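Quick one: this structure, given as structure tokens, is what I'll be asking you about.
Here the chain labels run A, B, C and D in written order, and each chain numbers its own residues starting at 1.
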Amino acid sequence: MSNKNSTYAILEAIQHEMRNDPHLTMLYEYQRPVAADPLGNVIDLYKEFGDLRIPDWGPIDEEWLLGGAAGIAMTGVRAISHLPSMTTVRCFELVFNQVGKLRHMTGGQVNMPLVVWQDASGRRPGSAGQHADAGQEALYAAIPGVKVVIPANAYDAKGLFTAALRDPDPVIFFQYGAAINGVQIDVPDDPYVIPLGEAAIRQEGTDLTIVGYGPAAVEINKAAPDLKSFGISAEIIDPRTLKPLPIDPIIASVRKTGRLLVVDHGHESHGTASEIIARVAMAVPGAKFGRSTFPDAPPPGAREMIAWMTPDAPKVVEASKKMMQP
Amino acid sequence: MSNKNSTYAILEAIQHEMRNDPHLTMLYEYQRPVAADPLGNVIDLYKEFGDLRIPDWGPIDEEWLLGGAAGIAMTGVRAISHLPSMTTVRCFELVFNQVGKLRHMTGGQVNMPLVVWQDASGRRPGSAGQHADAGQEALYAAIPGVKVVIPANAYDAKGLFTAALRDPDPVIFFQYGAAINGVQIDVPDDPYVIPLGEAAIRQEGTDLTIVGYGPAAVEINKAAPDLKSFGISAEIIDPRTLKPLPIDPIIASVRKTGRLLVVDHGHESHGTASEIIARVAMAVPGAKFGRSTFPDAPPPGAREMIAWMTPDAPKVVEASKKMMQP
Amino acid sequence: MHEDKSETVMTPDEETKRPARGGVSRRNFLQFAGAVGATTAFVSKARVASAGNGWTTSLDDFPKEKLVGMYRTMLKSRTWEDTFKELFLAGKDGLYGAFHMSIGMEASSVGTISALREDDYIASNHRGHSHLIAKGGDLNKMSAELFFKQTGYNKGFGGSMHITDVSKGILGMNGIIGPQYLFAAGAGYSAKVRGTDQVAVAFGGDGSVNNGWYYSGLRNAALYKLPMIAIVENNGYQIAMPQERTNNLRNLSDLGAGLDIAYETVNGMDVLAVHTVMQRAVARARAGEGPTLIETKTYRFMDHSGLAGAKPGVLGAFGLPYRSDSEVRAWIAEDPIPKLRRQLIANDIITDAEADQVVAEVKQLVDDSIEFARSSPLTIPEAGLENVFAGTSVAASQFVGI
Amino acid sequence: MHEDKSETVMTPDEETKRPARGGVSRRNFLQFAGAVGATTAFVSKARVASAGNGWTTSLDDFPKEKLVGMYRTMLKSRTWEDTFKELFLAGKDGLYGAFHMSIGMEASSVGTISALREDDYIASNHRGHSHLIAKGGDLNKMSAELFFKQTGYNKGFGGSMHITDVSKGILGMNGIIGPQYLFAAGAGYSAKVRGTDQVAVAFGGDGSVNNGWYYSGLRNAALYKLPMIAIVENNGYQIAMPQERTNNLRNLSDLGAGLDIAYETVNGMDVLAVHTVMQRAVARARAGEGPTLIETKTYRFMDHSGLAGAKPGVLGAFGLPYRSDSEVRAWIAEDPIPKLRRQLIANDIITDAEADQVVAEVKQLVDDSIEFARSSPLTIPEAGLENVFAGTSVAASQFVGI
């Protein structure tokens, strides 16, 4: 039990499942799965499981990592496909037309025990264009037949990754840069499961419901003390899973607060915020809704620009104040 | 002026622009662009413009059709990329990380006068899995830097295609099977433009706002007489463009009717319906919202199943009646 | 009538589309067909020349059961598809949906798959009935799936283009061109992880080689020396587009040279030639020597999909805008099923009567499967919400639930 | 300290990640480096052997201005990157963002691009500063872009990895591996449509050849005989992954055999050898003979990105976990810039003093560009909403507007 970062926590989850399942295999690209915890313990999956199940060689070819892993999974071998952060949709068609559809299309015959471990950059300065993206989890959540998970801290990362590895269906697991050391939290050494589709209520409150996951959850967490100091009693919810979306606790909360603010580092249009607001709007007529999202623009490189465009803790506070105006 | 189908109408638009622009080039796959109108006039772009600008040969390789056309467009030659219906997201990454981003990423340097003419099957029986899809326009509308258009009839198809061809930015143009002979309407022979981002108010009404485009618009149109006969005064709006989304007339309408039903042949989660409802919910507190969409499942093959799952005219009527309940 | 025309000339529903003839030379194909004709006319017990690839096969190398088995399996595929063709034409049984026939291509599917073991894998494409039947697919379940019945392989979810039998290593037909190569490479990887010597085979048409997934599947199979075999069934057309207008290689297997893997092009109208080439590839795969790329030169006697140009009781589709009838006839002259029958009889392996007996048995199986399909129940509409995820249903969001 | 370790050992930010050494043999590369060393030690006016590809080039074939121009351009690229390296190391100017140096690879960029015309196109990758400078990129605007200033090529939107100058046929650097090949093929198609004889060149690393877009770009260029050239700059590594562990070809250009196109592998440390090979490819392209695939065997002296292993005033990055220092030194011995200088002086094309003069001029240009960047204004935050579409801004949706 220590303050592990999410990568270490994920490797713990994988290591445990690999020890129990002699076939579980991970395909990945140039990022050998090695990490250390604060106590100096090192997990090196390659060293432990060798070149076949953790092949420490291979091409820059995300379609192989995904499509090959799907072929592995279809033959009854649980597989992980670890994809780099700038290629969040490089294999979108394979997920859309194959991975997500095969069970249904075959009348239930094809099992797809596949976890796609998708790195995601988030809104970092100096990268621009393709290397500072966020929000693509919403695109995957639009695909029937895949589940989508986005932890905001290492504890959730481990529990959700374990759940994903034990699921018979494909799970897309987004690991954002901001969530690696995001919210510091102790992570047990033993395996545990956080069921897919369970929200975490980070803080209870009565004035305003604030919903956000991944990098947005990290910013909301930072904003919490300020909100208190401004006298706003916010109920803070991290859905953690986008599909299945745990909408019930959010609806229950908005029934109580009458106000919903969704914060998202994805784009304004057709992002997660829309889906959450729409579902609550159908269930709670008369509530007040707001969203704070990255604009409908690619991420610019210059720090001034991208920082101004990103919903960070100060903007969460500002938005909350606006939501509280009559 | 005659009752052309949308394919003929689109070819008219392309033919006119190609006659004015000696370079405009279209890449396509195995579907030679030939069509005839009801009077027997035939447009054969290949015959008129030849093997270079209308190459009637080439591979089954959508990434070439899209990526090659992007390369053509980047060098100042207006291009069309015509993609088949089962590959609605085969080139998603190229649109997401290149076509949509290049202008922004280069500080405005790169023009991308590219029209992606995307065929779309819609919810037809007997095809299953990958050949009866709908709703992927919502995925593209989530991408910054691309515009998205979905005509429901031949008149709109021609006017919007012409607008797309004169736009300096990439436009994804979805042509659904249902919209080819969808709503019969006369199409002028001369060129005309329907500006991107303008909704069509198909019917004015005071009780309920019904919004849908493409195949859903065709079904709403069929439902209209029944709605009248049940005494429901529906305001029917076809946005026609998803990006830029003409939300203002929808908001104005819901301010009047107090009720919004969105019908969509895409999936329940993260589809167009969410975006429209969320935007209206933020603007019109207290309104009542409903959506009728295809479920979060791939399209099954058997007629009984897919027909039951598809929001057709009878379901639009049922949904409207439910919306009118107190 | 006029409206009809504009509809049939071009709609986004590519399955019904008939581009006008491209005016391209059919030289390559006719040449090839000619070569086949010249060599396979010679039928002898000692040596059967299999044209086009320089390999020769002798019937002596095959046990009788193997030969008769191949004949029976080709016939099963032919008869099953032909029976459905007649049902579609007759407009009976309310059949609908996609239907891509392999008629004419049975030597390619049967020649390759008969060199596999039961526990090997195949990943098939849209034109895969014949692959499935060769791999032991159950005709009853196949027929029921074409009827979109509950008892079908895919319980009516898939139809003709998606039939799958995971229990028999059939990873499925597929409506998208290309993923087969990745799936087969992945299945080969899986065999290595599990320490078996299973082989995984991807099937694709000449249209599938211009796809990044083809390159990726083969290249990674080469890198990791996977027990993967790619069968490119070059039937000369991609819907109505002639193959030579889509790729600048004359023999599609030549890509193998650039990947540094084993590759061969074989006469796909000769089941024994195909089988011989495949046996070598399988042996290489099981020995850990990596992938092989095989091109079978073949032809589909019918149209791309559906019934255009087909007539009841007539073999082949004629009068299509993109190919000449004489080309079709040249290839029908190479029909691998009567060819094998002639060889078997000429070489005293079976008698004419025994061959007829096989025909009758196969016909019975097929007819029984149609009866099974006919008498099976339709799907339940609500079932469409199942099988998205294991063990649950999704919401019926088509209904507004206020 | 411990926390630091777990962070630097692995984060999803691959740019900062240092996988542990794979324990793979460097034999191929050392062999190659050895061969280069052996042959280019011999410098004569009559013949310069360019190792590795069997071609020989003579200085006699090049006009003096061309030779001095190549020297100047390689030096410009080297000096510009080196100056930024020193600025980054000094921690001055608050520099941030991606930074991939081409140091050591200048013979590949300059040798190829100096065979092009001004109106030809290049599509570059993440390691493209040197391509841009060779194609005539403006140092002031490049420097300002690295400073993320308004006056930069991309107005601060792009930074180091995305510099673009459409007016000079530079279709842009790009942060994603692979699309270059499609863009260049498309640009070649565009030239055909417009009836020009322009050529389009795609640049990619050894890591880019395992990508469907590479296959697609080349294959379609072959089919349509497009004036397209692919330059694969094989510097032996993909971040920390050695090339021989990613593809089973020894010479990556060999794929050309399977595509039936022209292909060559050339010593990428010899600017004249590269230029000679490229001239042939350009001539073929302009003559309508289709694409060429060229592999330049080269090496990056620095780390993949950023400053690991770099020291002020020292050429090369040492002590990196994935390569040996002696390997780095072997390649630095082949540094193409002093090599060309030695040749030019030994062959009496320029004097030592003239060469120093070039060095001084280049240094001045680079220093001026840094001054220009420093004194330019920062971007305006609100500008980030522009340039999504032509002539409009998108909404500032980060603020709730109630």
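Simple rule for what comes next: a contact is a pair of C-beta atoms (placed from the backbone, for glycine too) under 8 Å apart; a residue touches a chain by one contact, two chains touch by 3 or more.
Small disclaimer: the values here were computed from a predicted structure and weren't measured.
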Chain pair with more C-beta contacts, B-C versus A-C: B-C
Chain whose Cα centroid lies at the greatest distance from that of chain B: D
Chain centre separation in whole Å, for chain B relative to chain A (CA means): 31
Separation of mean Cα positions, chain D and chain C [Å, integer]: 46
Interchain centroid distance [CA atoms averaged], chain A/chain C, Å: 41
Inter-chain centre distance, chain B versus chain C - centres from mean C-alpha coordinates, in Å: 35
Junction residues of chain B, two or more chains touched: 58-59, 61, 63-64, 86-87, 97, 104-105, 128-130, 144-145, 267, 288, 290-291, 295-298, 300
Chain D, residues touching no fewer than two other chains: 154, 156-158, 162, 174, 176, 210-213, 216, 219, 223, 246-247, 388, 394
Touch list for chain C against partner chain A, complex: 121, 123, 152-158, 162, 164-166, 171-172, 174, 176, 179, 182-194, 200, 212-213, 216-217, 219-220, 223-224, 386-391, 394
List of chain A residues in touch with chain C within their complex: 23, 25, 52-53, 55, 58-59, 61, 63-64, 67-77, 79, 93-94, 97-98, 102-111, 144-145, 147, 168-169
Interfacial residue positions of chain B with respect to chain A in the complex: 86-87, 89-93, 96-97, 100-101, 104-105, 128-130, 135, 138-139, 141-142, 144-145, 243, 245, 267, 269-275, 277-279, 281-282, 285-291, 295-298, 300
Interfacial residue positions of chain D with respect to chain A in the complex: 2-3, 5-7, 9-14, 17, 19-20, 22, 24, 96-98, 148, 154, 156-159, 161-162, 174-177, 207-208, 210-212, 238-241, 245-247, 378-385, 388, 394-402
Chain A residues touching chain D - in the complex, by the definition given at the top: 3-5, 7-8, 30-40, 42, 44, 56-61, 63-64, 84-87, 119-121, 124-131, 175-177, 180-181, 261, 267-268, 288, 290-298, 300-311, 315, 318-319, 322-323, 325
